[in-house]
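What follows is one structure encoded as C-alpha cells, with my remarks underneath.
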C-alpha cells in the first residue's frame, strides 16, 4: 500500500511533507538543474521585504562545528522586483509556494503581503499559495530585539496579516526565546494556520588571528546539524502547545532526521543547510520517509506524531 | 556517489566537493579546475585540481586513497573570457591561484592565438612552489628571492609587461587581486580576476559568497555571477 | 617575558583563566591520574543540592552532531554528604574551588550555601573559595521554567545569597532566554562578582527505531563544540552589558576556542565536554593561551578583550 | 597521541578511544579488552579489542591503516572477579560481548584453576560469527540454528549446566543480561555481568552511564563502579 504523504496546511494541500527552507533555495531557479522542486511538497522563498536590500557587508558566512553561521541580511530585490521578476516564474511551480515575508516594522510586513496579494490575484497558479512570516528580523521599535520574542506583538501582527489574506499563514518562530510554547500560542491566537520552527540561533565566531569576528556583522544565525536537537525540542514543545500544524526544521540532513521532527509532533519539515551540503538532500529525505512509512505500515503523515512513546 | 551536473568545465570554472560523510567538516569546498581532458574511446574524461593543505577538508582530501570516489558538483560558475583581438594575455597566480591559470594557459595555447600566454606565479618562498610542471615560459616569483624573481607577480608584470594592450588574468589572495586591479586600472589594461569567497551553496541560492561592487551599489555572487569578474566591477579590498 | 595569567574574581585571585566546568569533572578526584587540577585556575564542582538526588532515569546521555545531550538531573549526594565526603578532599586543592549550587526553590539555594559556609569556616584551605549559582534548575514555583529566565527573581536570589557569604558569587546563565544581557544585569545588580555563561541549550534526540526520545527524560542539555558559536555570542553580549567579569564556556576544545571567548569579552573560561573528549584538554587550552599571549606580546589576561576590533 | 594511564588491563576492563580529530563523531568510544600480552625483551606490549561495525566511530576504526596511532585511555573500570572455590565458570557472550570473555577465558586457563572455563557464544545467525579463533570447548549458539546450537546461550546453559555451583560471566545485549540474571537467581548461582551503557567521560565524573540498582535506591556508574557487577545488584531491564 502506498502511504498517503499529503499534508494540509490551512486548507492548502501539500503533495508531501518535505519543503525547502527559506533563504537556502533562492526563489527556486538556482538549483533547477539539480533538484526537481516540483516533486517536493513546498518551496519557501528567500525573504521578501518592502524595499530592496543589498544585504549585509561581507563575509556573510562561516562554518562552525556541524553547522554554519550566516548573516546574509535578508538580501532581496524588494517586493516590487519580486512581483515583476520572480512571481512569474513561481506561477509555473507545481509544488506549493510559500513566500517568506520580513520587515522591520509591522507596517512593512503588512505592506509586503498586501502588494503580493494584489499582484497574485485569486485564481490558480498565482505564484503564491501561502505566506511564511519571518519574525527574526531585528525590530526597530523594540530596541533591536527580534519581532519573534514578544507574544502580544506576534498575536497582533498575525491577526493583521490574517485580515489581509485568505491564503495560509505560517508563522516562523525563532528559538532565541525563553518560552517558545507561549510564542506559538500567540501565533495561533492571532489566526496563523501553522507555525514553522526553528529559525537560526544567534551565534558568533571570532577570527583569533585577525582579532575580529569572522562575520562583518559580528554575529549571525547558526544552522545545520549542530542545532537539530534544539529544533526537535522546540518542535516537541510547540506542537504540544498549539492545535495548528507545526512545520519542523533545523539541521535535517536525512530522512531519519526528518522523522525525528515528525515523531516530535511536526506535520511537515523543511530542509535548509542540508541542501548546501547535498543538493539532493530533500529528495532523499522524501524518499526515506515514504520508505519508512511503508516498512512500518504507517498510512498517513499525520499519524506519525501519535507513534511517539513518551 | 558523484552528483555531477552535465557539461564540460571551462577555465575559471570550479567544482565543489564533499569529503566527509560526517557533519564536521560540513560544507562543500570549492576548488577551481586546473585541467580537463575529454573522454575518448577506452578512456574516461579526467579533470584536475591543484590544492593546498589548509584545514580539515583539504587534510581529508590529501588522505584519500587513489581511486576513492568523492561527491562532486560541477562545473560551476563562469569562465575566463578570451583575450580581445590584439591583447597579450598575462596570467598572474598567487599560491593556490595557480590551478585555474594552468587550465587557462593550456586552453589559450591549444586555441593557438597569435600571442602566447605568459604565466607568472608568485609564492612566498621556494619551498612553497607546487610540484607540478609549469607551462613553457612561466615566470616564478618569490617574496624572499629564494627562487626566480624576487618580488610579487605584480612587481614582475609592472616591470616586464610588453608594449601595447595587455589582458591580465589573475587568481590568488585578496591583496594580490587588489594590486592587479590597480595595475590594470593605471595602465588601462583589461583584467579578468577570479575571486575567492567563502561559499555555502556554490550555485547562487544563498547570497553567502557576496563581493561588494566597486560602485557601492550592492553585491555580486562569487559563485554564480563569477568567480571571474572584470577587475573594475569589484571592490577587491572589501571582500573579507 | 612571561605573561601574567592571573585573573581576579571578586577579590579572589585565580592563578590562570582556565577552569573545569561543573558536572564534567565530578568533585575533582575522578580524573586525578590524568589531569593536574592544581595547575589550572579553578575547579567548578558538580552541583550540590539540599537533599541527595539520585539523578534522572537512564539513558542520560546521547551524542549529537558535534555535541551531546545530558539529563544527569543534578545527581549529587546532597549538601550534608558533600560536606562530610567531598569538602575534606577539596581542602587540599591548590586551585580555586567554586561549589556549584542548585535548588528547586529560593530557600533551597540559600540553605545549601549557608550550610557550606558554616562547615567551611573562614580560614584558608576552606575547601570552597567561591560559589557558582546554577540557575538552570526547573523552578517549581514558576511552572517549571528554569530559574535563570526571570531577571527580577535572579536579582532577588543573588542578593539573598550575597547577604550570606563574603566569598565570590558567580551566577551561571542559561542561554535559553530571550535577552541574556538583561539577565546578566540582574545578576550584577543583585551583587554577583561574576557571571558564567553558558549552561546547556535545551535539546532532544528521538530514536526513530524505538519511536521514543533517546533520553529517558525526553529532553536534555546540549553541550560541546556545536554550541560554541552560541556561547561566544552570549559572552560577547553579556560582557558588554555588565562591569563584572564574565567567565565563558560552551564547546571549548582548544586554546583557539578559549581565545574566541576571551576576545569576545570573557575574563576566564571553563572546559566542560572537552574534558570528556580529551582529559588533558584544559591543560592544552592553558598552554595555548600562554603561548599566544607570548607570541602576540599580550601581558595580561584582562588586556585580551580590548584587542577585539569590531 | 596516546594518552594512556599506567597499568595493565585485566579481563573486564575497557579502554576508550577517539578516532577522529573532528568534532563529529565527538565522544570517545568504549571497547572491552579482548587480550593483553605483556611487553618482553624486543617486543612491545600488545592489547586487543574485538569490535563490531555499528556507526560512525567503528566505521572510522575499520578504515584505519594498520600501524595508525589512536588516542587511547586505559585501563578503565573494574574487572571480573575470579570464581569462588568450587564454582564452575561459564562464560556467556552475546555478539560483541565476546571480547572481554575471550580475555577472561584466557586468563582463567592460564591461572589453571581446577575447572576449565566454558565459553558459550550466541549470535543471530552463522554469518555474524566473528572470524577469530574461539577457545577449546567453546559452544556456538545461533538464534536461527544456522550453526551450532539453535537458541541463545542462556537456553544452552539452562539445558547443559553441570551439577553443582556455577559462576556465570556474561557480556552482551541487555535482553541477554536480563535472562542471565534471571537464570542465576533461579539456580542460586553467582553471576558477574558486564554492563553496556552510553558513556561520556568513562572515568566516573559525569554520571552519564548510570545503571539502576536492583533495589531501586539509585544508580551505579557503568564506567567506574563497573562495568562488571554482581547480577543481583542491577536492574538489568531498566538500563535503556
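Structural remarks
Each chain gets a letter, A, B, C and D, in the order it is written, and its residues are counted from 1.
Here, a residue touches a chain if its C-beta (ideal position, glycine included) is under 8 Å from a C-beta of that chain, and two chains touch if they have at least 3 such contacts.
Quantities reported herein were computed from a predicted structural model and do not represent experimental measurements.
With B-C and C-D as the two chain pairs, more C-beta contacts join C-D. The mean-CA centres of chain C and chain D are about 36 angstrom from one another, to the nearest whole unit. Centre-to-centre separation between chain B and chain C, using Cα means, comes to 47 Å. In whole angstrom, the spacing between the mean C-alpha positions of chain B and chain D is 55. Counting only residues that touch two or more partner chains, chain A has 65-67, 224-226. The set of chain B residues that touch two or more partner chains comprises 23-25. Viewed as a contact network, the protein chains are fully connected, with every chain touching every other. Against chain B, in their complex, chain D makes its touches with residues 20-25, 56.
Interface of chain B with chain A (complex): residues 3, 5-6, 18, 23-28, 71, 73, 197-212, 217-219, 224, 238-240.
Those residues of chain A that touch chain C in the complex are listed here as 64-67, 69, 145, 149, 176-179, 201-206, 208, 210-213, 218-219, 222, 224-230, 232-233, 236, 251, 256, 259-260, 263-264, 292, 307-310. Residues of chain C touching chain D in their complex: 23-26, 30-31, 33-34, 46, 54-55, 57-63, 65-68, 70, 72, 75, 224-226, 253, 273, 275-280.
Within the complex formed with chain D, the chain A residues making contact are 65-66, 225.
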